[in-house]
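Before anything else, here is the set of structures, which you'll find just below.
Common to both upcoming complexes is chain A, partnered first by chain B, then by chain C.
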Partner chain A sequence: MSTATAPVGPGVGSDHLAHVADPTTAAPRRGESGRHGIRKPLGVLARIVLCLVFGLPLLFMFVSSFKPDLQIFGDLGSWKAFLPVGDISTDNYTGVFGRVPFAQFMTNSVIITVVTVVLGIVVNSMAAFALSRIGFRGAGAVLGIILATLIVPFETLALPLLWWSNKLPFLGPDGFTEGWLDTYQVQIVPFIANAFSIFLFYQYFDSIPKELDEAAKVDGAGWWRIYRNIVMPLSGPAVATVAILTFLPMWNQYLWPLMAVQTEELRPVMVGIDYFKQLNTSWGQIMAYASMITAPVLILFVAFQRSFINSIASSGVKG
Partner chain B sequence: MKLTTTKRVAVGLLAAALPLSMAACTKGGSSSSGGAGGELTMWTHNAGNKAELAAITNIVNDYNKSQTKYKVKIQAFPQDSYNQSVVAAAASKKLPCILDIDGPNVPNWAWAGYLAPLDGLDAALSKYLPTVLGKWDNKTYSYGYYDVALVMVTRKTILDKYGIRVPTVDQPWTKDEFTAALKKIKASGDFANPLDIATSFTGEWWPYAYSPMLQSFGGDLINRDGYKTAEGSLNGPKAVEWATWFRSLVTDGLVPLKSGADPAKDFINGKSAILYNGTWTAVDTRKAFGKDTLFLPPPDLGNGPKIGGGSWQWGISQNCSDQAGALDYMKFAAQDKYVASVARDTNNIPATDAAAAQVKGYEKGGENQVFLDYAKKFAVLRPVTPGYPFIATEFTKTAQDILNGADPKTALDQAVKDIDANQKSNGYFQ
Partner chain C sequence: MTTITAAENASAVTGRKREPVKGSRSSTTTALLMLLPAGILLITFLLIPIGLTFGLAFTNARLISPRPAEFIGVDNFVRLFADDTFWASLRNTIIFAAVIVPVQSACALGLALLVNVKMRGTNFFRTVYFLPVVTSMVVVSMLWLFMYQKNGLINQVLLKFGIDGPDWLGDPHTALLAIILMSAWQAMGFHMVIWLSGLQTIPGELYEAAELDGAGNWEKFRYVTWPGLRATRTFILITITISAFALFTQVNIMTQGGPLDSTSTVVLMAVRTGFQQQQTGYASAISLVFFVLVLAVTLVNRYVTRDKDAR
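Then we have the complex of A and B:
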């Protein structure tokens, strides 16, 4: 720690030295207090601006969800766009329920997201554990290949993946069937293994002292026990980060369900927003629907805000 | 053993995920394809469009009740992503037996092998408007229940206020008259931009709405004689004249460079004096202004007024295992009473005269008769070539560049070069 910032104020040390100019306690030089004085309000101002930039669109969406279409457009260009004024009603919400099977879409998204997040944590942490702790020959090359897949955009994989999904066998209640299209599993399984999640776990596991493994081995623990009882319990921040980073894209899935799902009963929430884009678009209903599908994400974020920030910050520092 | 909070959460989530994943993997199943066991699967772009979906469902219910051999099952998709869903299904050979198609895409989907011709329906379809039939290579692949028309929507009180003549089908505005009218409204200072041509719309709107203006100048998207080149059609003097005029609408402040998200609602809110849009705006604008609303023909920019033709149409897929069943449904559904019911419920132009007589507003002297007149007199089909989707994309990009200030001749030359290369690289879709 730098000593230059140690607090040595008046009354500290001998009285006779109290008047001696100390670099840390001396009166600020000309202009310094001004800079200091300006910096704080500027910081506050910057935060306010950032809050507005991120908050106003959400506020606009929520407020507009209670207004008729013509009023939404009439209010644009004034602060009224952000205020619940004028002809306020819940008609748009009623309209949403009349137009899309909202509960079904929401249930589908919850199932797809929760299953992918949980299985993703298990599978990717195991892969990272093997690469980081077991130290088999070629582990570095395997990790390199996994990381190389990060540069391949999903759009380039979509068609081959669709082709394969259509050919894969599946053992279900009806016995063996061919083709996974138009099922839940086609929306889940391709997204469980994730190169970035493996990388995050790998980084985190690498920072846990290997001596813990040695000690456990001496006590007779195998790799499974080390993974389950030592490494995973110490990896809370990595688990949280991977959970968040898997949750958001899965909740926002749009392209893949469009391609792989044909039945309305299996569609997730994001595809549902297309139901409102007609020649005469219902903007109020779009805002109501968007508010309803954003709410779970916002509530989740507000509830776990501290853990989210801590986990992302700690993982970032490790990098 | 005492569990920590982290462990409890992890165990809880895993416990929740496993039954969910089991349930997830057992739910769902096959849909699409169709044809098996007398079931004919039908796809439509109408999810979220209650009126049209209900009209189609009525036809299907009538058909299912009328016989016992086949049962049509509807699967509705949202319009905005419908084409992607169809293309993906075609790639995995999961197309349904019956599907609807946006008119200009028919030649491409027929050429790509998605669609089968509607053999044996020629007599039934001879009474349909030519713009609602999807044809390619001398075969008919689809028919639609309705067409839509492009119109200039305004209010009589606005035209009266500025002393502007109300144009008619027989005497539309000339280019000079139209430009002078816009400049007069602009000069009043009442409107920042007197005309809104909906430049904020994306996708097919650009070729649908703005290529008729090009055609009204005397140009075209491609030379329709063999569809081998756009040279001279899209970059000839008439096309350059169109592009220069199109750009001047923005530079003269007559049209906003980028319209609002919903130009019809902006028009109703008094933001523009004239709206260039489709007949689908008629219900809302009439609701707002009643008899003051005018639906005018587009101006004659030199080669007569032009509007785009062709809307959503129905066809059958090549991989339907029961083509006879699908054709049987298509014959049944082509009756005038169904054309009338779909057009009525969707407020669109009925595809046959007999149906038009049954739909209020389209009878002789009815308030919507002008829409039918415009469709009959001014509609131009978009180029009937499998290369159309490429041409449409290229035209959209070029028109956007021109509006944003690109040199018209250079931009059009580049478009011609790209379109010609695409047609050639596909062997001219022979």
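Then we have the complex of A and C:
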């Protein structure tokens, strides 16, 4: 994607880059806003209506998770659908734990997401460091190939990758085994190296003055130390962006674990929702399950709101 | 074509910065070592699968089979092009993309303009519009599956306005529309943020100059905002199109492609054949068609939105 639009005019491009380099600029600059705003009363009304459109369904989900099924349907016709009134209890939550191994699903998702995020930061930043700050003959070509792969959606590779994963050898505690299906690693390893993360780090590293490297080298530091003690500590915003942009899709992953993992003990939370559709449907329990798997992300989002928005904004930097 | 321009771009950048390093051999060794983990992983899980998509499409490979795959020429494609479900899936995928690309990008731009103003509570509104983006598509699909029921939340709300809503997902005429609406609802905040970051790259002086020339809101949008968003526009068009073509989760959870194939998609079909029926070769052929489609659309998109002022 970036490759498709990379060679835009220098003005626009560098403006965009500036946004990654300095996340504070990604916040709206007050001075220039409001120039094409809709006049006040109408604008406020529009904002509030939109707020209801985007917010109410999620509010409905949380509220309904505390109601018995009969009442969920009974409340649909009035505002009570969005209010925690009537027969409120945590029965649905108890029900979820009785129906699926929820703690196991949650643990799996946390393991898969955290490991991928952490290893992704290390592996991709190292690659970007090599390409951006050390450089070598052919580094440009390597970066070009990496960028070109951004146009390939994961969905086109999923089926061949599934077949391929079944052939891969793995050196584990039992020696060499063939086939990665039904394991943790099949949910983690393919997603560690990421072309877009490398690109984001590359861009950020480029904005850090090279003089720092020179100064460190005079002091006898090697590349590894420059990477670890100078460049990485200065790259907080890039690390945050990559962490968030890895975390969201990993937590929300559905297609891949649906196919690659059949063992219940290894399944992540998103695939777990299918359990509630197969047996007799209890909507209250579905809402409780949905609330529990959404809550961690919402809490992180509210806590790190600015970083979340900035990372998404910087994913548009590609243009 | 994309590869070449990207490579040129990249080498221009690295070429510039290579001079301070005195090209020492140990530097190159370190660089290659640091590149190694990502390199191995990208080759194993990206480049090889890309190659496999092309290779397996011409074989009868099965997901789990003791027998090695055999080359069968274009048989998979012959079978695919004779398959009605494939054409229905392709049609649905294209309709989905053709509707959601303009609708979602336009609405997201509207949202961005709305929250790009200095006003109390703007940040709150922006956060709320963004909430569906951080909610997983799986959760959103389940939630809307409930809301779309014949006597569900949406029809109850419509009833308040005297509208007798359809059986959204049960009727072949409305099922795809229902999926389009909820998909747009989920992803709009994402593109709002990208439009916003585009809006903020437009220098304020341009608006001041336009105001001096007596431009109204519409003129300012038409002659300052719109041209200023050219790069953002290309990016948004391409990302929405690609994610639209990859439509799977919503359909798998809400309709399984039904009723009567009215919501079947290319990726859903690939998963059905390649995973449930274990026909990897056939699924690869579908993936290949899908890939060519994405590539074609990206190139056309790029051509249409190319820099017309470039000399």
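Descriptive notes on the structure:
One rule holds for everything that comes next: the second predicted complex is superposed on the first by the 243 of 319 C-alpha atoms of A that agree within 3 Å, B and C clash if a C-alpha of one lies under 4 Å from a C-alpha of the other, contacts with A are read in each partner's own complex, and residues count from 1 in each chain.
Here is the rule we go by: contacts are C-beta pairs under 8 Å (C-beta built on N, C-alpha and C of every residue); 3 or more make two chains touch, one makes a residue touch a chain.
Note that the structure is a prediction, hence the values are computed from the model and not measured.
Of the two partner chains placed around the shared chain by superposition, chain C is the only one that A:Phe308 touches, whereas chain B remains out of contact.
In the overlay built on the shared chain, the residue A:Gln185 is in contact with chain B alone; chain C does not reach it. When the two complexes are overlaid on their common chain A, residue A:Met259 makes contact with chain B and with chain C alike.
By the touch criterion defined above, A:Leu143 reaches chain C but does not reach chain B. Shared-chain residue A:Leu58: touches chain C; no touch with chain B.
Shared-chain residue A:Phe73: touches chain B and chain C both. The partner of chain A that touches more of its residues, comparing chain B with chain C, is C.
Residues 73, 76, 159, 162-163, 166, 255, 258-259, 276-277, 283 of chain A lie in contact with chain B in one complex and with chain C in the other. Touching chain C in their complex are the following residues of chain A: 1-9, 12-13, 15-16, 19, 25-26, 28-38, 43, 46-47, 50-51, 53-55, 57-58, 60-61, 73, 76-77, 81, 123-124, 126-127, 129-137, 139-149, 151-164, 166, 168, 189-193, 195, 198, 206, 210, 213-214, 222-224, 227, 248, 251-252, 254-255, 258-259, 270, 273, 276-277, 283, 286-287, 290, 293-294, 297-298, 301-302, 305, 308-309, 312-319. Listed in rising order, the residues of chain A touching chain B in the complex are 69-70, 72-74, 76, 98-100, 111-112, 114-115, 117-119, 121-122, 159, 162-163, 165-166, 170, 172-174, 177, 179, 181-185, 188, 232-233, 236, 239, 255, 258-260, 262-266, 271-272, 274-281, 283. By the touch rule above, chain B contacts chain A in their complex via residues 4, 6-7, 10, 13-14, 16-17, 20-21, 23-32, 43, 47-50, 75-81, 84-85, 88-89, 91-94, 260-262, 264-266, 268-269, 278, 280-281, 283-284, 288.
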